[in-house]
Amino acid sequence: MNGFLQIVRRDLHLAMRQGMDSLMVVAFFVIAVVLFPFGVGPESNILARIAPGVIWVAALLSSMLSLERLFQADYEDGSLELLALQPVALEITVMAKVTVHWLTTGLPLIVAAPLLAVLMNLPDDGFVPLMIALALGTPALSLIGAIGAALILGSRRGGILLSLLVLPLYIPVLIFGVSAVDAVIGGFSARPQLLILSGLLVAALPLCPWAGAAAVRQGIE
Amino acid sequence: MPHFTGTDLVCFRGERTVFTDLDFALAPGDALVLRGPNGSGKSSLLRVMAGLSQPLAGTVTWDKEAIAEDPEAHNHRLHYIGHADPVKPVLTVTENLNFWISLRLEGGVDDAIKAALGRLGISHLADVPGRFLSAGQKRRVNLARIVAAPVPLWLLDEPHTALDQAAMDNLDDAIAGHRDGGGMVVMSSHAMAAPEDAQTIDLGHFQERAH
Amino acid sequence: MFHRFANPTRFLRFAAVIQPWIAAITVALIGSGLYLGLFNSPADYQQGETVRIMYVHVPSAWMALFCYSAMAGACAIALIWKHPLAELSAKATAPIGAGFTFLALVTGSLWGKPMWGTWWVWDARLTSMLVLLFLYLGYMALNNAFDDPARGAKSSSILALVGFVNVPIIKFSVDWWNTLHQPASVVKMTGPAIHASMLAPLLLIGVGFTTYYLWVMLIRIRYEVTANKIRTLQRRQAATGESQA
Amino acid sequence: MTGLSEFLDMGGYGHFIWPSYAVVAVVMVGLLIISRRELGTALRDLDALDAPEAPEAEQ
Amino acid sequence: MNGFLQIVRRDLHLAMRQGMDSLMVVAFFVIAVVLFPFGVGPESNILARIAPGVIWVAALLSSMLSLERLFQADYEDGSLELLALQPVALEITVMAKVTVHWLTTGLPLIVAAPLLAVLMNLPDDGFVPLMIALALGTPALSLIGAIGAALILGSRRGGILLSLLVLPLYIPVLIFGVSAVDAVIGGFSARPQLLILSGLLVAALPLCPWAGAAAVRQGIE
Amino acid sequence: MPHFTGTDLVCFRGERTVFTDLDFALAPGDALVLRGPNGSGKSSLLRVMAGLSQPLAGTVTWDKEAIAEDPEAHNHRLHYIGHADPVKPVLTVTENLNFWISLRLEGGVDDAIKAALGRLGISHLADVPGRFLSAGQKRRVNLARIVAAPVPLWLLDEPHTALDQAAMDNLDDAIAGHRDGGGMVVMSSHAMAAPEDAQTIDLGHFQERAH
């Protein structure tokens, strides 16, 4: 536990010092969403109809783009192999990094989401389920993405390769995240969708750090 | 009395055999120096010893127990220095060290850091951010990391790189002190610098066989 | 040794002298503008009391545009004449400009809800303002993205200029885009001719925001210069150890 | 008393007008304070860097 | 001219040898578009309504993601500074690299677009203007993006920073690209929009290599 | 008779002054060796000479014309070797060289490459992809690039790095041949190797003044 907290503290410290990281993710999130009114036109009813989907897709893309650097910096300067040699299980290390990734990207996304919902004319009913679904879904995205981020260590083309690995795995989160919001807007309960999202998260929680640690071991070998 | 040994090690990297049938045995206080030209496998052997990569055949044991059995326990007892010096440019030297050392020590981290910086002659760098350090200074920070938290086994991959004479002397002192306390050292080295009473393995002779 | 260009001592002395004056003028201007705007001006016959939002909204919007122009101008000077103060003032301007852009957006939204019935419409002016915010953010992010601050300053100067070319294009294209999709925009923003009792607070606050900008910019430039000195000292600290060893 | 509450109510639009003034105040004063604080810490760091050089040289 | 052709030949050669690059961009393009049926639901009229916008946004994102490596590989191995020292104006070199970028990413996107149009139920009328608009718009994207790709050389965070710089600059292309398609679907002529797109391209053609070369010079200094 | 000179050069990098008031003058056939410890500014000076970075003050001239006036003309007459060896891993040695040399020669590219590979003793590598080359072999490919297309000015940043003795001799021959033909060479070097009749600039003494 001490090891976990130490790594979280250090990575948060680094994120703070390097500054702007979270801000950049949020900015990308907002820009990606804003592209859609430009793309589909400003009619508010259409925008409202596609709002949950667009916000979720933008969240996937932001999470994915910010994942590229999850292990990269530590890999390049040799910290990663040193981390693997510390008396902390590599799974814990991966979990700590995922936690920091979520704190610095997922959380800001959740905070920014209501703003985007306003811009996209999302019906008022949709706000609460959107936030809850994002709160359950973004940790799952960070967890799943960590595997991809570890797999691309040392490859020639980072970003785009990562997107191909990770986006297909994100689709279940996308489907249930959106349909939770749609359900409430349509007058139904979002309980089943939110339960499934929780299920995905609970399943990812042990699996992804384990797979991520295995991928990191390959990467630094 | 812990013993650190390897038997019949075979290492295969990047589609070629780097070395075969390699043995070593270290008792407390021993030093082992790896020699050989570029690409002969010094780093590869050190990584096998650290458990960073698995040998194709053979076992590395600590006190007769294979290190692959319990990698975490092995991590507990070793320090490794690789080709790169992981010093974060945005953190000060103390902040950089503080992280690595708090993973190993329960308390007294600050004092340990101060003492280690002093031993490597870089006390004046304590509050300088990593981005202003030269290659040699970074290397000394990395060495301070291993001096600060005592463990029985040091694995050093060309630790003398980028060091000037004064720093080399500091390092040699640190190694001597570590061995006096019953520690073991394995290091690769191009330079002549090596403790006189050290064992040596020359990896150069595997090269002819490998090609 | 400081290089003669890298040591704008004279500027710092000048800044220290005028800063309290600027501060006093700013407080006086904004204070009297607020007084006139809140207590001494009539409600608009069409927009009612909400017109009072104008006194902060419109100056913020002006400043958002003004700061970007100032920033781009400074960047041009920095690139052409390589004057380090120009680089520093561009860097110091960006967060202030981004702040005003943000304020124009928020106060506009707060005005839009009672006037248009919605917080946001994809109107040309609003949308191009949003893009302006991103240009500011991109500038700041690029400026901070390098370990060597000199690199960040140069790269972001180029970006600021490219963005400046883009501002009128965006404005123009967004206008087009809007009229193409929905012919009648939700609301026309051209209000009635402004009465003098409303113009006075507007102008007072507008000038007050400008002096506020100068005030904060001076502080931020002083900060940047100090940070430069700190880095030089730290580097020297690292280097003296090298020669001792 | 009614004068004040009437003034605050702003013809029913108080909860749009006051937040806009508030956000302007928060952002402008906040930016000012942050900038001053940054300058303050930087000046202090500079002093700290200048000062301890003397004792170290004595060693 | 000889220099231009030599650089184009070499970069095409490299792209060919390294393989997969174009394929990966197209794959991302397809995945990004396919996320939307998952996001907004499968109703074909909604999909048809948003099809041009979604396809264009996906094209922007693919172009942006692939830009990250435009100068990066040459920067890392020292080729870029050597290119700046050849008897070929750096503007020409940038132009050559942009050309290859467009040939290896823009062109495949155009080829893949009809497929996506089918997936998204784009009305038949829209196919031709979509292709023409992409043919005019994607070179402009490559040109504009080259500035961003040059600006981030040596920076700490590649991908997401690039997106922040480049996406706002892409917006005019997006607007007119989409409205060209919408106009034809709505029964109007797309001439004005296509003219404006050509205008953007013609303006970008001299400006962007010039600004990109300036940025590269900063980057290698 | 072309002359290559620099007057009153001041260089500022990464927020610090690297050197001030530096002068040099080269006539055809001359060689200039730059010396100094790490970070003293050897590479910086070579980059200023190449026109890759601008000096903060002072001018570099070729035949009395400032090189900043016409950078492309300057590029025409110089070859530069930096710290990195740009050899693409997926292209063969010949393909790698072919690109750089066709930018400079109109015809006879293939023959020029063959001759250059021969002079550097790596004819056997002609069809080997770059990814299989060791550091020293890459450096030799990079040297073959400058040997193949003759220009009057060579700017070499530590050209001896990673070379073994035979390759160093090849390089020294190439430099001698270049100078016999009226060419000029500026090179930085840690090693002792330097032509006897060369001018020297020691950048080490700027370091004290810079602080």
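Labels for the chains are A, B, C, D, E and F, by order of writing; each one numbers its residues from 1.
Note that a residue touches a chain if its C-beta (ideal position, glycine included) is under 8 Å from a C-beta of that chain, and two chains touch if they have at least 3 such contacts.
All of these numbers come straight from a predicted model, not from anything done at the bench.
Looking at chain B and chain D, the chains that touch each of them are C. Connectivity note: excluding chain C, the chains that remain group by touching as A, B, E, F | D. Among the pairs C-D and E-F, the greater number of C-beta contacts is found at C-D. Between the Cα centres of chain B and chain F there is a gap of 37 Å.
Taking the mean of the C-alpha atoms as each chain's centre, chain A and chain F sit 48 Å apart. The geometric centre of chain B is 53 Å away from that of chain C, both derived from CA atoms.
Within chain F, not a single residue touches two or more of the remaining chains. For chain E, the set of residues touching two or more other chains reads 18, 156-157, 161, 164, 167-168, 171, 175, 182, 221. Contact residues on chain F toward chain B in their complex (touch as defined above): 38-39, 134-135. Contact residues of chain E toward chain F in the complex are 2-3, 6, 9-10, 13-14, 17-18, 74, 77-79, 81-82, 84-89, 220-221.
Within the complex formed with chain E, the chain A residues making contact are 18, 21, 24-25, 27-28, 31-32, 35-36, 38-41, 46, 49-50, 52-54, 56-57, 60-62, 65-66, 68-69, 73, 156-161, 163-164, 167-168, 171, 174-175, 178, 182.
Those residues of chain B whose C-beta lies close enough to touch chain C in the complex are 89, 121-122, 124-125, 128-129, 131-134, 136-137, 164, 166-167. Across the complex, chain E is touched by residues 47, 50-54, 72, 75-76, 78, 80, 82-88, 90-91, 95, 99-100, 102-104 of chain F.
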